[in-house]
Structure formats: structure tokens, C-alpha cells
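This is the structure I want to talk about, given as C-alpha cells.
Naming follows writing order (A, B, C, D and E), and every chain is counted from residue 1.
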């Protein structure tokens, strides 16, 4: 699982709880109606703005992103080099077995087309379109989180406005002004935390994940075309290793 | 109809009403002059910013988007495959009947040009331009909602400023300060709800819809060019099915 | 004249005046020094930010946009079809008369070059560059309005800050605090109205107008190149009619 | 010198001073510590954000932009036409004298390469790269002003926060609350003026200036390539005059 | 080391400390819980938003950017010219020694490929991809700082909200209101300083550094391809010197 996210979530919540507890009891920061309007409003607005399928999809994507590690580029390149060697020795048909054993449907389909003798150009077109569609899917996920990051503080403010209007309309008892305002401000507090500790970082992480995913798909794409064209495995490996970025900047001192 | 939008609207309004009712009577949140300046100002600014035709068009588009489902990509591909098979067996003229039976004018015109023997290149150019113009139309719709989402809170603030100035100019009776400020803040409340529960989500949904629409048009575009060129129906179907996205990411586990 | 803008302006001002009058006399919302700093500051900042020529140009453009209707695409296509027919029957020289009778200098110059026998490629290049320059001019106009939309609320806030500082420095007489704050807030009110009821909508309208203008220039561009190449008038008309957009989306039900 | 900027600066400062003086003495708006934190903080942040060379460069650029007029496109075209005529009559070598007499190093270098008989393609490449680098330089200038426009209000707010914290920590003497708050707000006032009357407009003007500069460089670029290729001077002049924009939009009535 | 950043940091902190000390003791601006929530929250959100590797990488990058000077373009060009001369005289193999002596792995790998006789096209492709990946890496760094610049004020506001809610819930003793509010506002103060004096400027500087780095890589790229193609060293030098920008704009007076 993604260790960085866990540390971030736990420590972020910890810092906020700690700050609250240093100043007084936690009880006054828990207010069910406030939670309802901020969480409920955010979800409601998101449901109007995006198709149900996408919203459910984003939940799945989120779990996947935070629970599973993406395949390492090194492993993909090693796997492709092996397949390339096999194809060079035994012909394209000899790689048919790898189609079953691969867990990546993108690679599997590309191998299938290679074995079937589909033209390089057609393989390229189909793979490019798949990459494009995957990118669009992941971008939609990132966009949904970004939208929620905008809705949460907005509904926080709406909740605060409701509380303020109700307080201002009944100023008879001055001693209740403070506590009422405190309650009114809690929705703004919830909205700010939801946006800044959850939705914005998750949108960022998904964006980064999308780039990694597309880089991996690019490696598979270039590797398969190279195999289809019968390029030497060593040359292919050299070209793909550029993606590992152990070159230029990193070693520059 | 679009079930996600209905749930979102109903629950969003519900959460807000619920939060209000838990704190006091709903009456103080209904204020006709406040509604007039926020709704009226938003519409007035939109009318200055966009041609009347576009504004009326956007209303129609909004109804269509929220009332009707877009055609499924699967059905479009199945239909195109059928037409391709017919054309392969009986020649391009045999698909003339499909022109009448199709409800999509984009497909109908493309079929007509195919039957008429217009050059592939010319068909392609005309279809591309149509796609581009449809995209521009839908983008205008999304832009109008986005503009309204910006105007609504602005006129909410203008209404609040009017209320505050009037209150501040007459501070004689301290007991009226609270209620007057409450009323002044209601326009800000209206503006925030209009923007965050309606205009922004609707702009988002329209953006998503535009993408689906253009994807569908792309499928028709590629299918028609394939039929015009006499490509094998099976190959065409394979290529179009990439759009269904049941590949790469989805099945990746 | 542009009916939508008139309705918008009149009703927008009406809603604001109505809201004010329902709450008290209009007098307290009219304050000459406040008008001076918001209007003056906005104009001053715009003059630093843009060359004098552009600012005067934008005033003219604004009048043109709000007073005159743009030529309809239908009429341009009909005119081009007529010229194409004439050229087909009587040769390119026969269209020399149309150069005088056209009121659009873009079309006139293009016709002149066609009659003069300038190469299609050169005509294309010159027309493309003209389109590009027209777009840049109109974009500058839209950018100036967008800048003014940002300056107006900023100088509104500067005015309010001046008023608040002066009020806070002299708190001796509590009874004057309210009225002084009311006056201080009027500049913020002016800035918000100027931006949201005038500058932002005008920038939006100019943006939309630019698109229409460029679409029209594109129609002329494609039409002239088609005439220069001697394409059949009917084919040209069919291609240009795509721009009318009476296809795809509109008729889709 | 740039008359529009002078009028803008003088009138902008005038409107602000006038508004202040109408409400009270100017003295309370002058506060040395407040100036220090806003001006100092803005400069400090800019120094961290940009290399020293760029910051000094931007000062020079600013002076140049506001003190010197850019060469008129008309004059550049006239000059190029003259050179083109000379080259046509006396050969490319006859224009060697113009290299010394031109004050524009971009034109001078281009002429030198033309006289030296460098291949058209190589001249084009070098001139394009020079244009690109000039654009990047000017864009950096505009970006620095835009950054300062963001820092100034931020440090204004930081100054106000310092003042408010100090005031709130010592509420013993209520009579000092007002004046202290007044002083605290002055930094916000300074930041708003610096951003809206100076940095934002200067960034805008620099952006406009960049476009003019690049247009001029484009004219020289096209002119030189035309001379190098031995195109007829009249044809070259016609092509370049498109840049003067006395066509399409302007004369459209 | 980067002198501009040091002056900026020292003077920026100095101006803020000076302003504080002119108004009272520094003690009330130091509050450990406030530092914890702003710094801690910012780091926590960043850890959720970006992979751990990237965050650690950014720290290293930051140190490098602020501690080491980038290689001067002049030196790179001089070095390439020397290598080009050597290759011209002694053949491509004679430059093998330079591979060891160069400290830039980007140049080293390019030289190695040149010596190995890799095709110009392949060298070009690999070098372009390396540039692209370096740019993406540096852009990620700039994006992380920009994210932190957004989180810091947000957690400052969250801290202030916590303080305000706690203060409002206990208004019993009016004499504590001021000091409590002062403490509450300190987190906002911290967030504003962290964003405006550190994260935003650092993001800006990293962006500028990225451009310089890429320009240098472009020089190496063009130089190596020129050497591989056997172009004359003088011609190569002339082409590369365009990057020094001692042309057009700079000398224009």
C-alpha cells in the first residue's frame, strides 16, 4: 500500500486533533448537522456534475491508487526484453504463451495482435487510442476530486451563512451569540479540511499516477512495435531504458 | 432521464432545507427582493454577455442533457457494423434505406454522401467540420453556465452590500441591526447555492456530455470512412470497439 | 442593434435600483468622490497597461459590437455562391464589378487578388494572415475589458480601505461610525457593479463576437479559394453550408 | 515617451490622493514601517524567485518600455522595400552599406548573413531562434511584474496581520483600538495600490509590447527571406503590408 | 551559491522581524502549536498528494538549485566547439577521451553514442526523450512547491478557525477575547509567510532553472548532432551562439 498517503492522512488528522485538544475539548468540533450539510452538499453537487458511473468509478480508482502499487518500469522493460529475445529466436508465434501469463490486458492485447500478424501501423493506432482513452478516464477521476475540492469549502460557507443568518435574526440573548457563531463556523472548518487534507491531495496524486500509468503504457507501446518490427532486443532495451531516467539530471553533480 | 442529476438536486436541496429547519423556521430564508436581485442580476449580466440565441439555446440544451440519455457507443458500433455488412454484400447503394431509418442527422448525412459517391476525403472534411462546430456549440453552453456560476455569487455580494450600506446608514435602533444584517446576508446565501448546487455542476455535466457526444461522432466518422473505403466489417468493428474502453485500465487488477 | 444587451443593461440596472429603493432612499448610494476613485482608478490603470491607441480602439469596437449586427453567414454564402456562378459562366474577370459593390474589405481584397490572377497559395497566405491579425485585434479588445473587470473591484476595495482608515483614526463620535462605514463600502459596491454588470459581460460578448467574425472570414476564405480554383459552385455551397450548423446536433432529437 | 502611461500614473495617483484629501489629512496614510514591509517583502520574495540578472534586466526593460517608442511597422517595411530595390538593381552585395546604417541588430545580422551568401534555410533558422529567445526574455519580464503584483498584496496582508495581532494582544486601552487598526490596514492599502496601479498594468503593457516587438521581428524575418530569394520588391511590400492591418476589420463599416 | 536567494531570504525575514519589533515584543508571534498545525498540515497534505520519492527528490533538488550554479551556456558552447574541432581533425574516435572528462552525464552519453557510431536519428531521439524526462522531473518539483504554497495558507486558515471556534464557545471573560484572537490569527500569519516568502518564490525559481537547464540541454543536443553529421565547427559555433542572446533585443537602443 501507498505508505506516503497513510503517513500523510494519519499525521494530518493528528496535527488537527492535537491543535484542537491543546485548546479545549474535542466535543465542540463535532456537530452532526454540520457534517451533513458539508458532506451531503458536496456529494449532491458532484452527482449533478458527473454521471453516476464516473462517480462510482472514481471511488474504485481511489481505492486502487491508494492500495496498490503501480508496476515498476524496470520490470516492464525486463519482461519486454525477454519477450523480444524469445521472438527473435523462435519467431513471433513463440510468444503466444506470454499472452496468457501477463496480467496487463494492454500488453496482452498488443501481444495478441502481434502474434496474429496485424500490421505494425494498425497495432500502433489501436494502442495509441487505448492510451488516449485511459488518460481521459484517469483525467476524469482527477477532475472529480478537483470539483469536490471546490464544492466542500463552498458548502462549508453555505452552512456558515445559514448559521449566521439564524443567529443574527435572534440577537435577544447576547450570551448565546458566541456559541452560535462557533457552531456556524464549524462547517467552514469541515469544508477547509475536506478540501485541503483529502480532495486536493487526492486529485494531485491521481494526476501523478496518470503520468506514471501513461509512461508505462508508452514503454509497452514502443516495446511491442519494436518486437513487431524485429528490432534487436538489445537496441530495444537501450531505447526503453531512457524512460528509467537514471541518466542526465539525476547523476549531474 | 438522468437519475444521478435528480438524486443530486433533490438531496442537495434536502440537505440545505434540513440544516435550516434544524436551526429555526424556514421563513426567514425566503426573501423576494433578495431572490429578485440575485436571479435578475445573473440573468441580466448573462444577457449582456451572450447573444439571445445562445441563451435560449442553452436552456434547450440543458433540458436535453438532463432529460435524455445519449446514445450508447455499443449501439452505434452495432448499427455501423450492420450497415458495413450490408454495404459489403449489396454495394454502397444498398444502404440507402438506412438513411431514412436513422434518427441521427450526423450519421444520415454521412450515409447520404457515401451513397452519393462523394470522395472519401471530402466526406472526411465535412464530417470533421461538423464535429468541430458541434463541439463549439456545446462548449458555448458550458461557458454560459460557467459565467452564470460567476455572476450569481457576485450579485449575491452586491445585494449584501446594498443591505449593509442601508443598515449602517441607520444605526439608530440597535435592535434592528441583527435582523437587517440577516436579511442582507441572504443574497450571498442565494448566490452561493445557485452557483454551487446548480450552475457549476451543470457546466461540469455539460462538459462531460460534450466529450461523450464527440466520442460518438468520432465513432460514426471512423465507421463511415471505413465503409466508404470498403474495409472488412470485422476489422472496422475491432477498431471501433477500442472506444468502448473495455480494455487496458478497466480489467487491470 | 443588439436587443439582448439592451434588455440586459436596462433590467440589470433596474433590479439594482429596485432593490435599493425597496430598502430606502437612493441618495445614500450616490457619492461623487466614490465614483471618481473607482472610475478614475480603473481608467488610469488601464491607460498604464495598454497603449492609448488600443484603448480608443476598444471604445470604437465596443460601440460597433453593441450597435451593429454582424453579417449573417447565410448571406455571405449566398453572395459567394452568386459570385462563383458568375465566375464559372463569364470567367474570373467577370466578377470585377463585385469588388466595388461589396462592403466587406476582406472580401473585396480577396476578390481583387482573384481577378488579378494572384496564385491561390499566395491569396491563401495573405487571407490567413489577415484573419490572424483581426483575431489578435479583437482579442486585445476582450483583454482590455477583462483587465478593467479586474481593476474596478480592486479600486473599489482601495476606496473602501481609505474610508475605513479615516473612520478608524477618528472614532471619537460613535454615532458617525455607521454612516462613515456605509460611505466607505459604496466604492466596493461600485466596483462590483462595474465589473459584473458591464466589463465581464462585455468581455464575454466580445469573445463570442470574435468567434463569429472569424467564422465569417473563414467562409469567405474557403469560398474565394474555391472560386479561384474553379470548383463547381454547387460543391462550394455544400461545403460552406456546413458552417450554418443546421446539421448534426440541432436536429438531433 | 509613452504618453498613455504618464497620464495613467499621474491621474491614478491623483485620484487616490484626491479621495484621501477629501476625507482628511494625508498624514495618516504615510507610515514608514508599513512601506518597508510591503516594498521590502515584495522585493525580497522577487529576489528569491528570480535570478539577480533577470531582476536587474527587468528594471532596464521597464525603463525602455516606458521611455522609448517602438519602431513603427510602416518604417520597417519602407526600409526593407528600399533595401529590396537596391538588391534587385545592384545585387545582394550592394546592400552591405545598410548593415552599418541600421540601428536594429536583428536586421543588421540578417543583412550580414544575406550579404555573406548564407543559405536561406540557415538564415531562417537563426532568425527564428532569435525571435523565440527575444520572446522568452520579454515574457520573463512580464512574469516578474506579474509575480510582484501577487507578492505586494500578500505582504500587505502580512503587515496587517502583524498589526492586528499586536493590537488584539493589548486591548487594555479601548481608545487606541481604532488608530491601531487604521495603521494595520495601511499595509493592505499599499499592497493593493502597488499591485493595481503599477505591477499589473506594467505586466500588461510589457505583454503588449512583446507582441509588437515580435510582429516587427516577423516583418524583418519575412522581408529578409524575400530579399534573399530575390522576390520582386513590390510583391514583398504587398505581403508585408498585411501586417499594417489597414485591411479587413478596420475599414469594415 | 545563489546570492540573490540569500539576500532575498535574509532581507525578507529581516523586514518581517523589524516590523514586528517596531510594534512590540517578538514573543507573542512565536507559538509552537501554531507552527505545528501549519507546518505539519502542509507536509501531511503534500505527502498524500505526491509519492514519497518525489518529495525527497524535491528536497534534494531545492538544495541543488539554491546551492549550485548551473553551467554557463558559454562554457558549454566552448567545450562543444573544442570537441567538434578535435573530431574534425582526428575523426569521431578521437573524442573518446572527452567522455571520461565531462561531468555532465547527458553530454557523456551523447558522446558515447557518437563514438559508437549510433545513427544520428537514433541519437536525436534518445537525447530528445532525455530532455523531455528531465523537464518532467523538474516540473514535478515546481508543482510540489506550488502545492505547498497553496496548502500553507489553507492550514493557516484551519488553525485560525480552530482558535476562533474555541474562543467563541467561551466568551465568559471578555478580557481574554483579544489575546485569544491574536493567537488564532498567528496561524494565518505563518501560512502567509511560508507561502509568499518561501514556497511561491521557490516554485518560481525552479521554473526559471528548468528553462535554463533545458536550454543547456538543447545546446548540447544541437552541438552533438552537428558533430555527428560532421558540420564545420565554425558553423556549429555560430548556430549555438544564437542561444547566448547577445543579439537582437539586448543591443537594440
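Going forward, a contact is a pair of C-beta atoms (placed from the backbone, for glycine too) under 8 Å apart; a residue touches a chain by one contact, two chains touch by 3 or more.
Given the structure is predicted, the values throughout are model-derived calculations rather than measurements.
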Neighbouring chains common to chain A and chain D, by label: E
Superposing rotation of chain C relative to chain D, computed on C-alpha atoms, to nearest 5°: 70
Whole-Å gap separating chain D and chain E, where each centre is the average of the chain's CA atoms: 25
Rounded Å distance between chain A and chain C, as computed from the means of their C-alpha atoms: 40
Multi-chain contact sites of chain D, meaning residues that touch two or more partners: none
Arrangement of touching chains [line / ring / star / complete / other]: ring
Chain order, ring traversed from chain A with chain E following: A, E, D, C, B
In the complex with chain B, residue positions of chain A that touch it: 33, 36-37, 40-41, 43-52, 54-55, 103-106, 109, 122, 125-126, 129-131, 133-134, 136-138, 140, 147, 150-151, 154-155, 157-159, 161-171, 213, 217
In the complex with chain B, residue positions of chain C that touch it: 2-5, 7-9, 11-12, 14-16, 18-20, 22-24, 28-29, 175, 177-179, 181-182, 185-186, 188-189, 192-193, 195-198, 200-205, 208, 211, 238-239, 242-243, 245, 247-253
